[in-house]
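One chain, chain A, appears in both complexes that follow, with chain B as partner in the first and chain C in the second.
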Partner chain A sequence: MLEIRSLSLVQDGDTCLDDVSIRFEPGQLTTLLGRTLAGKTSLMRAIAGLVQPDAGSIALDGTDWLGLPPWRRPVAMVTQQFINYPHLSVLDNVAFPLLRRGVARDEARDRARDMLGRVGLADFTDRRPGRLSGGQQQRVAIARALVKKAPVLLLDEPFVNLDYKLREGLREELIDILTAETGTMVVYASTDPREALQMGDRVVLLSEGRVVQAGPPRTVYGAPVSVAAAQVVSDPPINLLELDVAEEGAEVTGLGAVTPADLGRALPPGRYTLGLRAHDLRLGGPHAAHVALTEVSGSETVTHLVLAGQNLVMLERTVTEHALGATIGIGLDLTRARVFDATGTLVPNGADHG
Partner chain B sequence: MKHTSYLALKYLVVLAWSAFVVFPFLWMLSTSFKSANGVTGGATWLPWLQYEPSTAGWSALFGGPGGVNILRPYLNSVIVTLSASALSLVLGTLAAYGLSRFTFRAGPVRNGDITFFFISQRIMPPIVLAIPFFLMLKTLGLLDTLTGLILVYIALLLPIAVWVMVDFFNSVPRGLDEMAWMDGCTPVVTFLRVILPNAMPGLVVAGMFCLIFGWNDFFFAFTLTFTKVQLLPVSIVALNSSVTPWWALSAAAIVSVAPLAVLAFVVERFLSRGGLAGAVR
Partner chain C sequence: MYRQKYLFLLPGLLVLVAIILFPLLFTIRVSFSSWDVYNPGLNWIGGDNFTRLLADSRYWQALVRLSLLTLATVTLQYVLGFGLALLVWRDIAARRLFRVLFLVPMMTTPVVMSVIWRTIFHESLGPLNPILDALGIGAQPWLSQAGHALAAVMIVEIWQWTPFMFLMLLAGLLSLPQEPYLAARIDGAGPIRTFLSVTFPMMAAISTGAILIRLIEASKLMETIYVLTSGGPGTSTETTSYYIYIRGMRDFQIGYSAALSLTYLVVMIVSLTVIAKALTRMVVKD
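Entry: the complex of A and B
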């Protein structure tokens, strides 16, 4: 088990990691989900020993890691950039870490050949990485990371620089390969909530260098503990609406008065934020909104709307072309909204809907 | 038809350029086989071809009448240039890797300032360095010795090696070092096994610069030696007398330029094989 406790890292005056504590279990794939500069890469680099944290501890099965240089840590890493050794053939690239660890040359090359077969590069062993496509280069990097059989495998947005189709394909292949590897702690960083929820046994949400939530994907998606967590885990972005509850009634900014029945719950007086997912807005309803942008993606339509000065996003599971600037009627299912108090913390309702 | 004309024009241009480049060498070659009369008298009909061949120029290079023996100076030049270039390359590459990969801070001084400090040695006119070098070698008892010259040449060539190699190492992504660390390489092994092979084009370029500058230097070879040690450029000048011996000077110029021509040929082969891909930015 890899245990990270109260890890903090400040670089050039910027807080990269702030009191981060996470446990990684053997055989588990943990997804680090967060926006750019959320601290995902910093955390991975700290685990790999490429940066020295300012405070906290990292321990593998109780053994302190902070005193170990990167070349002594049993870690493998694949980065966003396709990093391979340009002067070595594909086969020698994959055999390289084994040779450095004292594996006999013939055995190292056999194991490398076997791994290259598993990532679909059996026919490219003699080529230099520079003569491969981007996807193939990243497969070489993945093969080199996997061949070591390191107990900790760090995958830092490995497919982000590849085109959509290739990314989907490689992700599925990687899942197949990883499920065959037993006992490896896999840490996968992503900015894409869908990818994170699809891949991980466990999701850790990071925002501004802090862990905002960790848990199984369904729990994290269904009940984000804070506004920050809801924003990180929602794609398309979650709609945030201001709710003012007083003794005489409640009002949602831009929508007008609402009743406890509209919200599906009664709330004590105070200011709240409602988090309403894009698919909880529907076409056809009492609220007039202006179409600011329509994005058609596959069989879905994401429409950016302006309702009483507020920006909203609506997801339809069909292809609908709304004219730019048109006024359309929309409905909001507020009973499905997550309610956050004035501090941005989730007010539980017992519901765990999608 | 249009294609043929274009091809003909292309070859014409290439031929003209080749003639422009090769002609001085051919002139030098023919002059080296002429006697004094052959050089000054001129030809009746065919310039550069019509003359009485003579080996006087070449024999002058090997201790013949009116000449000096350039064998020893030649060997000295080879020793000094190769030693100084090799050592400069080793030291310069190590310094450049350090400057490229690690952050140095001493008061207001940063990595860029240190790199500039190295190259600033070459900005000064050589005469500024001559007196300090002379005094230092004198104090060390190394005046008029090969060791003294090698040390001075290292001081002159090191900035070139550092300057060229810093840029090359900067162009090798840092991620490569980090990946090598995670693959089990210590920093020294990373440098030797991963970074250096990828900086090979830079090494060739830096090495070439060092060899050319070292081989062609006359000024320091002249000011820091007397009688015991002489380098090739100095011995060639020693051929001169009241009557300029063009035949001997031409022969000397050919033997002097020959190693650099061979070097250029070898590097050109390397270049055409793609060995220097990305080397020239």
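Entry: the complex of A and C
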């Protein structure tokens, strides 16, 4: 088990990690989900020993890692960039970490050849990485990471610089390969909530260098514990609406008065934030909204709307062409909204819906 | 109409003929003549000069000496230059100052530096021997014994030209991609293994270029010898260029020195081509 306790890191005056504590279990794929600069890469670099944290501890099965230089840590890592050795052949690239661990040259090359076969590069062993496509170069980097059979495998947005089709294909291949590897602690960083929810056994949400939530993907998605967590885990972005509850009634900014029946529950007086996912808005309803932007992606349409001065995002599972500037009627299913109190903490309702 | 384009090539062609082709052809012609202080002119004597040089042991000794000096000095320049470049490549204090300091020898006129070094090596008036005395090593016959004189020539050459290697290799190091270093650290390579498996191979192309340039330059070694030892003591530090200079400019054996020069040119072209091909083959493996 890899245990990280109260890890903090400040670089150039910026807080990259702030009191981060996570446990990674063998055989588990953990996805670190967060926006850019959330601290995912910093955390991975700290685990790999590429940066020295200012406080906290990292230990593998009780053995402290902070005193170990990166080349002595049993870690493999794939980064966003296609990092390989430009002066070595594809085969020698993959054999490199094995040779450094004292594996005999012939055995190292045999194992490298086998791994290259698994990532679909059996016919490219003699080429230099510079003569391969971007996807193939990243496969070389993945093969080099996997061939080590390190107990900790760090994958830092490995497919982010690849085109959509290739990304989807490689992700599925990687899942197949990782499924065959038993006992490896896989840490996968992503900015894409859909990817994170598909891939991981467990999701850790990071925001501004802090862990905001950790748990199984369904739980994290269904019940984000805070506004920050809801923002990180939602794609398209979650709609945030201000709710004022008083003794005489409740009002949502921009929508007007609402009843407990509209919200699906009664709330004590106070200020709240409603988090309403884009697919909980529907076309055809009592509220008139202006179309600011329409994005058609595959068979889905994401429409950016302005309703009484508030920006909203609506997701439709069909292809719809809304004219820019047009006024359309929309409905909001507030019973599906997550309710957060004035501190941004989830007010539980018992329901756990998607 | 398109033939007019050749007119524009004419100035360059004329310059090429004047500075390369004509001197080369003239030297070839002179090498087959008996032109010396008694018989000036292009009297044809066939291959007599070439027959004579085959038996001229002083010439061949100078050539061997030059080859050994060149290989030794260029190797040491490369090792020292690489070491210094590695030193200021990473973030160290006063890195910029060191970078400039290391280049000072190269920015000084070689002849002037040789005069200064001759003064330093002077056995009774120079500052070096008193220092060696004070250190308990004792005064050395720097310029009056063959071995010491060769060492003195090597020291001056290394001091003068290591900065060139430093500059070339530092430029190479600064242009290296940083990603393979990150990969090497993750893949279990410590600093020494990283140098041997990543830095050194990635520097192969620029190293080859720098070594070849220095080999070509060092094979013309002349002014340091002229100022520092005048080829002495005896002929112990005489190099090919210096010997050709003596035969041509001091003894005024123009025909013979032309034959020496031509032979020297052919030997250099052949040997440097072989070295260049060998080095290039090492770099470009696939």
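Observations, loosely collected:
Keep this in mind: the second predicted complex is superposed on the first by the 354 of 354 C-alpha atoms of A that agree within 3 Å, B and C clash if a C-alpha of one lies under 4 Å from a C-alpha of the other, contacts with A are read in each partner's own complex, and residues count from 1 in each chain.
Just so it is clear, a contact is a pair of C-beta atoms (placed from the backbone, for glycine too) under 8 Å apart; a residue touches a chain by one contact, two chains touch by 3 or more.
Since the structure is predicted, the reported quantities are computational estimates derived from the model, not experimental observations.
On the superposed chain A, the positions of chain B and chain C overlap enough to count as a clash. In the superposition on chain A, contact is made by A:D126 with chain C only, not with chain B. With both complexes placed on chain A, chain A has more residues touched by C than by the other of chain B and chain C. Of the two partner chains, neither chain B nor chain C is touched by A:G13. In the superposition on chain A, A:G67 contacts neither chain B nor chain C. In the superposition on chain A, contact is made by A:V75 with both chain B and chain C.
In the superposition on chain A, contact of A:S89 is made with chain C only, not with chain B. Put simply, chain A uses residues 48-50, 69-71, 75-77, 79, 81, 83, 85-87, 96-97, 100-101, 144, 148 to touch chain B in one complex and chain C in the other.
Within the complex formed with chain A, the chain B residues making contact are 173, 175-176, 178-186, 189, 194, 197-198, 200. The part of chain A that touches chain C in the complex is made up of residues 48-50, 69-72, 75-77, 79, 81, 83-89, 96-97, 100-101, 126-128, 141, 144, 148.
Residues of chain A touching chain B in their complex: 48-50, 69-71, 73, 75-77, 79, 81, 83, 85-87, 96-97, 100-101, 144, 148.
Residues 177, 179-180, 182-190, 193, 197-198, 201-202, 204, 286 of chain C are the ones touching chain A in the complex.
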